[in-house]
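Next come two complexes, and both contain subunit A; in the first it sits with subunit B, in the second with subunit C.
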Partner chain A sequence: MTLLKREEWQHFVRDVDWTFRYVDDEAVFPEWHSGTGKVPREAWLSWEENYKVTYPEYVATQREKEASAYAVKAALQRSTAFDNLDEGWKSSTKMHFGGVALVEYAAVLGELKMARFGLNGAWRNMATFGQLDELRHAQITTFFGHEFVGKDPQYDWTQKTFHTNDWVPIALRNLFDNMMISPNVVDLAIELPFTFETGFTNLQFVALSADALESGDVNFANMISSIQTDEARHSQQGGPTMEILVEHDPVRAQWVIDRSFWGSARAFAALTGPAMDYYTPLEHRKQSYREFMEEWIIDQFIHTIEDYGLKKPWFWDEFMRGLDTWHHGLHMGLWYWRPTLWWRPKAGVSKDEREWLQEKYPNWEKVYGGKWDTMIDNINANNVEATLPETLPWLCSMCHLPACNATQSRDGTWRVRDWSLSYGGKTYHFCTNACRQIWWKDRDNVNHETLIDRFLAGQIQPMDVGGILNYMGMTPDVMGDDPDYAAWTKDYTGRPATGLALSTAKGDQS
Partner chain B sequence: MTENATVELPIEDQAPQVVPLNAVFADDFVQILVPVTTADTVREVAAAVAHHVEGKRVRALPYEKVVFHNGRRLPPEMTVAEAGIAPLDHVRVEYDIPKGKS
Partner chain C sequence: MKNPVGPILRMGDEVEQIIAAIEDDNPDHEIEVIDRGSYIRVQGEDRLVVTQDTLRAYLGADYEIRTFESMMSSFNGRITTTSDSITWEKVSAKKNALAREGARS
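Showing the complex of A and B:
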């Protein structure tokens, strides 16, 4: 029997739209899920993906990828590679496993929504492959992380993180629920495949993969590279959707891309920034987080939005300034509130590391050096207690991350400023101007309560540090601590230090 | 006196209420949650905020501390209730550094 060539039959199977006779279109594609808005329904007929794939091709390729990823894993399992990894790097992977595994599962739900409510048969077909991709990503990430549970219980948070009320997954749930679960499919295609997958996952999956290889973690690099090859395919759902939306409703297109870019940038500053600039051993760093962002995100993002006739987001200057501050403040916050983490954050501020930071970020010493020095001197005075939290950091009502973004005043001083607003009789605080603006425009959307909201509402009992850690699901065997205080404090031992908190009487200063 | 104060009792006779604040201390890197009470003085508010930061992340300086609320520098003996500091308000605590010193 002669088989038809692919190009002779594929158009029949990739575009299966037909005219409904027994129900109207709105019943099948309700606006609240399909979200055509101002775009005429027939405009979606022109939706076309650039790279076409058939189911047999898809299955064959994915099988190869899986076989390859698991073969490398099996080989490395018999080696001592894991035991020789630096804890800083291991902690980057713990953070990744916990922060990503179930986000991949949420992406399954997002892709399924597009597979059902996408406004063109080819789009729905592509989303069907997309959801299979995301299922594979959720599985491979969970499985690879699970291997290490026996060696280190912090890896158990690969699967556990998103089932807890730890502040990190609350922040990520808020971001990804708004990106994948609650939007209609048009907004979803702009937020997830177009903005997040085309742009930001490059940073986590390509740039972090480079750091993984440098750090000797071939297994992790292999896993995330395998995942990234899928992203390249299913992320193309964004482009054709964007083309149609921009033509008919450019204001909406701009808003959706702006808000998802901002939310993604905040989350990456918290997770990828510290991993690249502090946790990865100095000798293994390829580039700074800022350099990675410039190369992998900013240039590409600007080109992309200009290609579609869109403008830079209104917050662009604030975002660019934040590349020098956001992740440094967040790193300090993660380290100070380290008992709330499922990894061991290393401070990474030895003399050599600080020289590197100062070279990459010329204001680093001025903004952060003094505070690290005070903490270093406390540790060298055997007062680690002074570097442990007794209250909560204030969490932004939009991104749910600590409000820790210093900006420079005209007189040259750096201060964390208050961005607040009152609405419905309540005062809300934000970490940045753009978070405040996005929250205001999105105030009727689903926004999770921050940990501060929950604490003040009496949901966390007892209302102390122990109660908070228990609410977060944090147990003593997992609770984060610095893996090696001496590694970054020994350079400073013996120097005179004034103005430190006394270890014997809390609240009194010397 | 705030508009919300009850009419039955003068403010100094009312039971103190907890006032959770969004606070930042000098050039610290982060805003923090600090609970005070309506009966606390501004000086006590400054101490409560400083407790979490001074000598821990920001080196202690030998100067008085002052509290700013809604752009206003508050007198140290005034109470939280008298100053009109409400729950979830933002306060900033700074050292009162004499001119010429830094």
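Showing the complex of A and C:
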């Protein structure tokens, strides 16, 4: 039987916009969901996707993708592949499972919103496939993570993370609620498919798969790169939306890109950065986080937005400087507050690893070396206590991540700065200049309270480390700790202690 | 390469044949292949195309171009998929082509 070609029939079944006779357009596409703004309603008639797919094609292709992903899983389930993985690499996957599984489900809701309120039939059609994609991702991520719960209870946080008030999911809820749940569909299409899925998810789902495969985690590499084949398609809702928005309201287009770019960059520095530059075993690292960022974000994504007639975000210089500092500071913070994590962060600062870090980031030793030396000397003096937290870090009021970014002063010294802002009788503190500016522009948004806000307001009782860990849902069987202290301290045993560790050692002697 | 465009392919048995098909379909382009293990960047300047006919020559007569999706984790540039071919081109290329058409009419 000869079938009609897709081009001969698709527009009939897909373009289902008709003229309403019993209600007005605003009742069907209310502004607060559809968000046309300054764009004339009829301008959306020209919305057309370039990555076309029909329902029969979609079903056939998705079935093949699922069959292939589960076949690999089934084959490896019988092997010892998982048991032979490095603890550091396993931590990268625990962070991924917990940090991603339910975000995929939030993305289902975002896609459904576009499937209902998108201003063109072709857009709504594409978003319908998009929500099926995201449902697949929520399911496959939860299921693949669940396999390991019996071997290691930290994998239980695959499903649990977003049901807790751990500071990491609070930070991610703040980001993704703003990106996927609260925006109107025009902003949503720019934030989620365009910025997040065309840009940043490539880092976690394609670039990280390179490290996964090198580390011997074929199953994980296969799962994430399979997921990203769906993203490559449904992220194409962003382009046509962007084209129309840029034509009628370029200022809005630029702002929406800028704020979602920044939020994504902060979150990926916290999650993908440590996974690539510290948790992945040195011999398995394909490139540094900075190099992957250059490949996927600086070269590829910025090229794309400039092609659409937009500019680099206004904070570009601050962002570029942050590529050498953000994730190193965040890694140190994650490691130090390790009891608050559902993975085992490995410090990753043995001599060989530090040489690699110094080669990739020429200021690494100057900014971070001394701090790690203090940790190392404390460990080697059997004083692990001194490397454990007794207080909380300040969490940025915008990105909710610890304010720990070192910047260079005019006199050459590196310091962690505080960007503060007084508003409505309250002083807010931010980790970066751009976090402060975005918060100010978005100040009418309902933002989540940071864990510190909650603590200071007395919502967390008792007000000590035990009370905080309990509030976060942390239990002793899951609580993070370094998987192997000796691995990164043994290179330095026997050397004289320096810095803070020295004063602690002296104090012990007196 | 000033304006690299093209697919990023995930690991799989068919990668070599797909690259060969892309090379055949773009005889005037220099094709750059960057292998990162789990993914392979295939890129050319400004515009690349691959057709179902050429893919079938390498992968068998029953190869359907829709299945290309399951190999492509990402891509660079703007994509256009039809039932016979896939094209990647610079984002502004389509806009410029429309502008040229407008000037002619």
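In the analysis below, the second predicted complex is superposed on the first by the 492 of 510 C-alpha atoms of A that agree within 3 Å, B and C clash if a C-alpha of one lies under 4 Å from a C-alpha of the other, contacts with A are read in each partner's own complex, and residues count from 1 in each chain.
The working rule: contacts are C-beta pairs under 8 Å (C-beta built on N, C-alpha and C of every residue); 3 or more make two chains touch, one makes a residue touch a chain.
Model, not experiment: these values are computed from the prediction.
After alignment on the shared subunit A, the placement of subunit B and subunit C results in a side-by-side fit free of clashes.
Judged by the touch definition given at the top, the superposed model places A:K286 against subunit C, while subunit B stays out of reach.
Once chain A of one complex is fitted onto chain A of the other, the partner contacts of A:D477 are absent, as it touches neither subunit B nor subunit C. Of the two partner chains placed by the overlay, only subunit B lies in contact with A:Y368; subunit C stays clear of it. By the touch criterion stated above, A:D24 is placed in contact with neither subunit B nor subunit C.
In the superposition on chain A, A:D83 makes contact with neither subunit B nor subunit C. Between the C-alpha centres of subunit B and subunit C, as viewed from that of subunit A after superposition on chain A, lies an angle of 150 degrees, to the nearest 10.
By the touch criterion defined above, A:E42 lies against neither subunit B nor subunit C after alignment on the C-alpha atoms of chain A. In the overlay built on the shared chain, the residue A:D411 is in contact with neither subunit B nor subunit C. In the superposed pair of complexes, A:E214 makes contact with subunit C only, with no contact to subunit B. Minimum C-alpha separation, subunit B to subunit C, in the superposed model: 33 Å. Residue ranges on subunit A touching subunit B, taken from their complex, read 329, 332-333, 336, 367-368, 370-371, 373-375, 378, 386-387, 389-394, 402-404, 406, 413-416, 418, 420, 426-427, 429, 452, 455-456, 498-502, 506-507, 509-510.
If you check the complex, the residues on subunit A that touch subunit C are 5-7, 50-53, 57, 60-61, 64-65, 68, 202, 205-207, 209-210, 212-214, 221-222, 225-226, 228-229, 231-233, 236, 239, 243, 286-287, 300, 303-304, 307-308. Residue ranges of subunit B in contact with subunit A, taken from their complex: 20, 22, 24, 27-34, 47, 51-52, 54-61, 86-90, 92. Residue ranges of subunit C in contact with subunit A, taken from their complex: 3, 8, 10-11, 36-39, 64, 66-67, 69-83, 90-92, 95.
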